[in-house]
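Accompanying notes for the structure given below.
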Amino acid sequence: MTRWVLTLSCPDRPGIVAAVAGALADLAGNITESQQYGDADSGLFFMRVEAEADVEREALEEALAGVTEQFDMTWELDVVGRPVRTVVMVSTASHCLHDLAYQQRSGRLPVDVVAVVSNHTALQGIADFYELPFHHVPVTRETKARAEAELLRIVRETDAELVVLARYMQILSDDLCRELAGRVINIHHSFLPSFKGARPYAQAHARGVKLIGATAHYATADLDEGPIIEQDVERVEHDDAVSELQAMGEDVERRVLGRAVRWHAEHRVLVDGRRTVVFR
Amino acid sequence: MTRWVLTLSCPDRPGIVAAVAGALADLAGNITESQQYGDADSGLFFMRVEAEADVEREALEEALAGVTEQFDMTWELDVVGRPVRTVVMVSTASHCLHDLAYQQRSGRLPVDVVAVVSNHTALQGIADFYELPFHHVPVTRETKARAEAELLRIVRETDAELVVLARYMQILSDDLCRELAGRVINIHHSFLPSFKGARPYAQAHARGVKLIGATAHYATADLDEGPIIEQDVERVEHDDAVSELQAMGEDVERRVLGRAVRWHAEHRVLVDGRRTVVFR
Amino acid sequence: MTRWVLTLSCPDRPGIVAAVAGALADLAGNITESQQYGDADSGLFFMRVEAEADVEREALEEALAGVTEQFDMTWELDVVGRPVRTVVMVSTASHCLHDLAYQQRSGRLPVDVVAVVSNHTALQGIADFYELPFHHVPVTRETKARAEAELLRIVRETDAELVVLARYMQILSDDLCRELAGRVINIHHSFLPSFKGARPYAQAHARGVKLIGATAHYATADLDEGPIIEQDVERVEHDDAVSELQAMGEDVERRVLGRAVRWHAEHRVLVDGRRTVVFR
Amino acid sequence: MTRWVLTLSCPDRPGIVAAVAGALADLAGNITESQQYGDADSGLFFMRVEAEADVEREALEEALAGVTEQFDMTWELDVVGRPVRTVVMVSTASHCLHDLAYQQRSGRLPVDVVAVVSNHTALQGIADFYELPFHHVPVTRETKARAEAELLRIVRETDAELVVLARYMQILSDDLCRELAGRVINIHHSFLPSFKGARPYAQAHARGVKLIGATAHYATADLDEGPIIEQDVERVEHDDAVSELQAMGEDVERRVLGRAVRWHAEHRVLVDGRRTVVFR
């Protein structure tokens, strides 16, 4: 018995669930968990199904082919728990890399970090400790195009399915964002209200915010504007210094990024225009 | 077009979703939101479907009859948003009644409070303000059986579907719990660790807990042990007096009870033995 | 024995706590709770003391006079728990007024609502139920100045110490903000990221945010930019409609405003430039 | 200039703050942050002061000697940020050790882990990576007394000030608890309601709890009943398996333990009978 996970989206109309569930039932597949959602605004229907079935991938794909064509579906089929091949990109801040690596090793996160790529060498020690291949790809204004080409080469060579920007302090080019659309997760700090420009924690401190937060989202050409996957906040007090705000910010960043990566790797996140549907 | 909500549970086996979705598709019903869950421990399968269909109740029930029989389903069919006829039972604490009444009036809560029943008269003013029928049913050790009979009479006369114990400080008899099984929601305070006996907030204060919480659950003969619907906590500090703990406790109680009642009234809560499945 | 609360701020230098505590000790005053904070950025020192002493106000003020002059203090002295005379301003949304009135009646909030002022009549019923004087002061572009004059008249006539903008959908003039500086608390919704313009909940929905929040702050001429007193957020899901976001937003608004008003009324909030010091 | 932190408790009576602040003022010490609390139940007064002063420890202690004697104070004086010499005890679960070590290295936690002691060897690799001395002290029923003697020897030899039981799955003897009273912090899972006996996560799952939590407390002879330092919870859903509850439990454990250790190391936690005063 294999446990399959099928995710799909398509224009909403009657009969989708019946068709999918019918195809699974014909193979004696047993649905163990499933969620559906129709977005009245976008007119799209989203579905995630976990089903146990004693069947090979080819047979399953064949059984679903009629349905996916009929309803014009975008779909993905995977085995539950299969580690997703992942490239993690970092600069010098270690908290996110550390947490992802620790969670992978603990078996909490169905990812297989096939490469750590950095424009610095500061985090090589962590990569080594977790036995993750480390690639130093320096970036200057002049070498940026070459660096991105090298990144793409690594992604292809490792057959990576996901790129995580784990506090990678370089902006990806529009071309690269398009090339990897829907496969790049970014994390950044968030505040109420939001702050533009440099030293956001110092600005947040000066303004006396009571909450600091983080947002994980898919990277798009419009960098911090991609579909949001997860957000969370932490409470701060008037006597927390800028350095403490930063420490709390890092803690909430690693937590939010960890959840976003897990949900993505478990095929729980579907993109719905500028939004995401998260079937937790 | 009517928007229907169907909830069901049955022994888990292949084909359930296909059968239900197929029956809906045959009526040109469009599923707008749905969730399923198979509990490997209990061997039961749970499903909640919202579907739009241009169909009368009789036709829909007829279309589903074959499926519900075939799979031996426990099921319920309702129109989305229909107010659930509800009896609220109170003693002297007003916070829960107040919140439920306010939320009903605001259109936030799909309930129709058909009676407020109390063993005291302290809260009659609130019932009057919200124009809710108020019944004073005093309870002493001698009159308990008679009082419960009166309660049952009110439940039947108002055709109530749900009874909410909104800080009703009387223990229901086992017989009454059984009579109303699955239809009575209770709220009580909760602590880490838990405290037995009188004056729990004073005990919690003496023990220096940092969190106080509340639990909403279905009432069973074993009073505080019924299936949990919702829980939440609030943070307290060393300088919060017992009275402040109690105020915070009331705040978290009303919040937790409000959520539990809404989810129940929206047919999002299904009982799975000693647990609940909550399709939020 | 009276329980006094003294709050003060002044330029930071050695000896402040010693001087204040010494003056209290000379009167046999017993400090029961106290907090101090020196802001290295602004160079200001903040202090809040609760002390029991068998002494009249005059004697206490006299005893403190030397100290407050010596250190150039801004200070306030009050009896712990004395209800603060408060004007609540509303338009048509009832959730904040309702909660403040309920909490006052429950004895949870040391305020005495001496007037409810509204540019509409929709909430008169709530004011009547809680026996709060209601003033209808309509506002049009032409009558705005006259309306503000009427508001000021009410504030003065009732000797109000605090004005709470409880979803009052009119912008106060700069003059009025200055006139009432530090005495007006406003509540508004907050998002990560923030949204400008009309229908913020619809924007937040379209953008797929996962958190919605609220901010309570002192009103300044720059309306939503005054010193923040409290913030909180609530988690939302992809299937929450705009109306549900709004309902959750109202819930978090009333919670945040309730806390801000209580802390202000308990003299726990001190303004530190664009920030607040909150001695919880 | 040195930044000092003074913590103290004593029987409550007028004049304490004046005396302490006066002594500091005499040395031209500038108080930058301070909190006081009088517990009416226990009759004890608690104080924590951070003050900048250009003074040696001896001079400061001498200046305070009169005050501490006069008021019969239990007190402690330290330099702000000095790393506290800490022994971490573990068995096989890595999450707490990992987080403490990572936070120490990041400079977030003012501790100096002088020894990792374990009755297993599973976590030696982590200790090595962070360059922490690792001691393998096996424990069987027969060798328990000898193992505790060895532990005490390590504590003394390293001059350790704090022992953290970071999922150390052995119960300390009453004698050892008394020997190290107030210097041992333990972490354990917590539920609403609580569960006795083996496999608590399985019990929590069977009961369908919606929150799982963790409690950090000082270890006393009555193991899980010592004064609570910090608690927190995480929300779980009906479809979270026992293994997921456990993963979430570990995440909340490491977070709660990390905070408790930081607050202890920053001298923010004072014991008040069965409770703690936490000056955050």
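Note that the chains are named A, B, C and D in the order they appear, and that numbering of residues resets to 1 at the start of each chain.
Going forward, a residue touches a chain if its C-beta (ideal position, glycine included) is under 8 Å from a C-beta of that chain, and two chains touch if they have at least 3 such contacts.
Nothing here was measured: the structure is a model prediction, and the numbers come from that model.
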Q: Identify the chain pair with more contacting C-beta pairs: A-D or A-C.
A: A-C
Q. How many angstrom between the C-alpha centroids of subunit D and subunit A?
A. 36
Q) Roughly how far is subunit A from subunit C, going centre to centre by Cα mean, in whole Å? A) 41
Q. Which residues belonging to subunit D are in contact with no fewer than two other chains?
A. 33, 37, 237, 239
Q) Which of line, ring, star, complete and other names the graph you get from chains that touch? A) complete
Q. How about subunit C: which of its residues touch subunit D in the complex?
A. 12-22, 24-25, 28-38, 40, 45
Q) What residues of subunit A sit close enough to touch subunit C in their complex? A) 37, 41, 190-194, 206-211, 213, 215, 224, 227-233, 237-239, 272, 274-278
**Q.** Residues of subunit A touching subunit D in the complex
**A.** 33, 94-95, 98, 102, 106, 108, 129, 237, 239, 247, 280
